[in-house]
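There are structures below to look over.
Two complexes follow with subunit A in common, the first pairing it with subunit B and the second with subunit C.
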Partner chain A sequence: MNDNSLFQIYFDCGLDTKEQMYAFLSEAGCSNGTSRQKTDITRQLFEREQAGIPLIAEHVLLPHVESEHVEESRIVFLRPAKPVLWGETSEDIRLIIAILLRKNEEEAVKQKIARFTRSLADHTFVEELVTTANEADFHQKIRTFQEES
Partner chain B sequence: MSVQDHRKEKLLLFLSNNQDYVTADELADILQTSQKTVYRLIKKINEESTEHSMIVSEKGRGYTLDYEKFMNYQKNIRNDKEDNFSPEERRKRVMEELLLSSPKAINIHQLFSDYYVGDSVIFTDEQTMSEELKKYDLTLERKNRTIAVLGEETNIRKAMKEIIEIFNIIDIDDLKTNPELNFNKYDVLFILDQLRNIEKNLNITIPYPYNINIFSHLYILLSRSRKSPDFPFAGQIDQEKTEMMKKDADLKEVAEVTVCHMERYLHQTLPDIEVYFLYQYLVSSRMQGTFDVPSNFSTGVIQVTDVYMKEMSARLGITIDNQSIFNDLANHIKPMLNRLEHKIRIKNRLLGEIKVTYEEIFSRVKKVSECVSETFHLPAINDDENGFITLYFAKMMETSQHQPPIQTLIMCTTGIGTSELLKAKASKKFPELEIVDVVATRDTKSLKKTYSDVELIISTIHLEDEVPVKSLLVSAMFTMDDQKRLQQKIEEIYHER
Partner chain C sequence: MKIVGVAACTVGIAHTYIAQEKLESAAKKAGHEISMETQGTIGTENELTAEQIEEADIVILATDVKLNNRERFDGKRMIEVATDVAVKSPNKLVKKAEEVLAQKQ
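Here is the complex of A and B:
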C-alpha cells in the first residue's frame, strides 16, 4: 500500500518528537524536492498548528497542508512506537493522520480525500486506528475503508 | 400535594433538566420564593434522601444534581409506594373493586379486610369516595353491611379509567414482560393481539397514548364482564349512533370484528353498544399511516388547527409557515375534537414536566385553547390536552423548525482536512445549519462575492482577515464546549434575524 497509493502507512515508526514527525512528513510529501522545498512544507505544518491545533480525537492529530511542493497528494498515517509528547498543552499523540495536498489537485482526488476525512467522524473507526496493536490489522482497516468507499 | 412538596418536585425537575450548575438566585426565581427557602429546601432534600447529597453544591457556581443518586432516589420512592398504602391509595383500590363489580354490592369488611383499618376510617373513606364518584355522576349506596356503586355504564367506565392509576403509567411495550403490573397475563396477550389486528386491518399504527387508551378500554371491558356478567347498559344503539358510525365504515367494521373476538374469548354475548363504545375510542385516536393524508381533514379540523398556528405564532413572535407542522398538529387536533365530543379524557403523564419545562408555551396554548373553545363552541379543553399541544410547539421551537436553516461555511487550511470532518460532525448534530460549502482559508477574501447569503463561518483555524459575517473558531475535535458555543451562536443569529 505504500507505493503509489493515496494512503501511506508507517507503523511503529521510531519518531520521538514533533520536529522529527514534521520533517518525516515533508520528506514523504516531497522526496525528490530540494531541502528548501521540504523546509517550506515543515514551516506550513508548524504554521497550521499555530492557527489551531488539529486534534480530532484523544491522541489523534490531523495536520493538513496544501503546497505546490507536494509531489503527489497523500494521506500519511504515522503510528509512533511510543506516544509522542506534543508540546506543553496537548496530550501524548499516538496517531497522526497527515493530509498532504498538492496545489491545484484535481477534483477527483480531493473528493477521495474528503470522503476519508468524513469517515473520521465515526468515533469507533478512529479509536480502532489508535488502538490496533497489529500492523497487518491496521492495513486491513484502511483497505476495508477503500473498498467500501 | 403540599406547597413544599410541589416546590421540591419542581426543583428536582428543573435541576434534572439542567446539566450546568444553577445558582440559588435562579432557583429562587424559578420557584418564586426567597433564596433562604431554596437553601432550606435543598438541605431538606439532601437530609431526606437515603443517598446523601443528591444535590451537590459548589461555591461560586451553585447547585447541580448528582444524576445517579437522583435516579436511585426515584426508584426508592416507587418501591416504597408499593409496600404501604396511603389512605389515598387504599381508597383508590377499594373504589376499583367497587367499580369493577358495580352494580353488585360488596360486604364492607371483606372490602377493607386487607388494609387493617377501623370503622371510623372506613366511614371517612366512604364519604371521600362518595365525593370522588360524584364527579362522574355515580353514587355510593350503603345497604346493611354492604356498599355498591350505582350509575350509568359509560360513567362507570370513565371513572375506572381515571381512577385505576396503572392505566396512566403503563407503557404498551412493558405490558407483556413487566410482572409488577399485576395484569392478567392471558388477557394482556389477548388484547395486544386485538390491537395488532386493528392496526393491521386499518393498515395504520396507533401511537402512544392512544394505544394505551384502547388497551385500557378493552381491559376494563373484560374485567367488568367477568365480575358482573349481567351489568345493565346505559342504552342501545339508537338511530343517531348508527348514523354516526356510518361516517367511518372501516372503523365500524374493525370495531365489530374486535367485539366479536371479545365475545368468543369471554364465552359470553356482549351488547351491541360495545361496538359503538369501541368505535368512539377508535375515532378519537390518532393514527399514523394512511389516515395521515391531509385531504382527510375536515373543515373543522383545518379551522381549529389554523387558529392554533396563527395565534401561537403571534404569541410566540415567530413565523410558522410549514405544511408538515400543520399536518402534524392537525393529526392531533382531529382525534382531539372527537375526544372532546365524546368526553374521553386521556391522561397526560408528562403534564407536570411539560408545565415546568415549557411554562411559557403551555400558558399560551392554554389561552389559545380557551379562545378555540369559545369560537367553535367546544367543551373546555383540559390541561392534559393543552399539554399535548404544547409539545407540538415546543418541538418546533426546540428544533427551530420555524426558522429557515442558517447558511454556513466551514473552513480550514486546505478545505478538505479538518473542515470535511467538521462538516460531518456538525451537520449530524445541528440540523439547523445548512452547510453550503467547505472552503480553504485562502479563499477568505472572495467569500462575500461567492457566498453572499452565508450567515456563519465555522473554522478550525484563526481567521486573520476580517470576515464580513459571524464566525466561530472551534477545535477539530468539536468538543462539548465547541458545541455549546455553536448553539449560542445559532441563537444569536436567530435573535438578530
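Here is the complex of A and C:
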C-alpha cells in the first residue's frame, strides 16, 4: 500500500516530536524536492497549526497542506511507537493522519480524499484506527475503506 | 427544527467535510432536519437552494474562511463558529441552535 497508493501507512514509527513528524511528512510529500521546498511544506504545516491545533478526535491529529511542492497527493498515517506530546495540547497523540495535497490536483483525486475525510466523522472508525494494535489489521481497515468507497 | 448551514475550512479538504458529516449526524440524532453545503477544494457541493434557506429556522456557519454568497442568509437567525467547533462538539452546537431558537421565539 505504500508504493503508489494514495494511502501511506507508517506503523510504530520512531518519531518522538512534532518537529520530527512534520519533517517526516515534508519528506514523504516532496522526496525529490530541494531542502528549501521541504522546509516550505514544514512551514505550511506549522502555519496551519497557528489557526488551531488540528485535533479531530481524542489522540488524533489531521494536519493538512496544499502545496505546489507536493509531488503526489497522499494521505499519510503515522502511528508513533509511543504517544507524542503535542506542544500546547496536553493530549498525547497516538495517530496522525496527514493530508498532503498537490496544488491543482485533479478533481478525481480530491474527491477520493474528501470521501476519506468524511469517513473520519465516524467516531468508531477513528477509534479503531487509534486502538488497532496490529499493523496488518491497520492496513486491512484502510483497504476495507478503499473497497467500500 | 430546520437547519441549513455551510462548512468551509482553509485548505478545503479536511475540516470542511468532517464538520459537514458531524453536524448532519448530530442534528438528525436530535430529530432535526438539516442540509449542509460545503465550500471546499472540490468547489461547492450540496448547494443550498433559496427555498431551503427561506424555510430554515436557523443557519449554522462552520467556517474558517470568507464565504461565497453569504448575503443569502441576511435576516436569518445564525450561529457562526470555526470548523473545529463543529468537528469537536457537534452535539453542543446543535443544542446551542435549539437554545437560540427558543430564546427568540
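As a working rule, the second predicted complex is superposed on the first by the 148 of 149 C-alpha atoms of A that agree within 3 Å, B and C clash if a C-alpha of one lies under 4 Å from a C-alpha of the other, contacts with A are read in each partner's own complex, and residues count from 1 in each chain.
The criterion applied here is as follows: a residue touches a chain if its C-beta (ideal position, glycine included) is under 8 Å from a C-beta of that chain, and two chains touch if they have at least 3 such contacts.
Because the structure is a prediction, the values reported are computed rather than measured.
Touch criterion not met for A:Ala133: it reaches neither subunit B nor subunit C.
In the overlay built on the shared chain, the residue A:Glu107 is in contact with subunit C alone; subunit B does not reach it. Applying the stated contact rule after C-alpha superposition, one finds that A:Pro54 touches each of subunit B and subunit C.
Residues 48, 51-52, 54-56, 62, 64-66, 99, 101, 110, 113-114, 117-118, 120-121 of subunit A contact both subunit B in one complex and subunit C in the other. Those residues of subunit B whose C-beta lies close enough to touch subunit A in the complex are 412-418, 420-421, 423-425, 428, 438, 440, 459-462, 473, 475-477.
Residues 10-11, 13-18, 20-22, 25, 40-42, 64, 82, 84, 87-88 of subunit C touch subunit A in their complex.
Residues of subunit A that touch subunit C in their complex: 48, 51-52, 54-56, 62, 64-66, 99, 101, 105, 107, 110-111, 113-114, 117-118, 120-122.
Contacts from subunit A toward subunit B in the complex involve residues 48, 51-57, 62-66, 99, 101, 110, 113-114, 117-118, 120-121.
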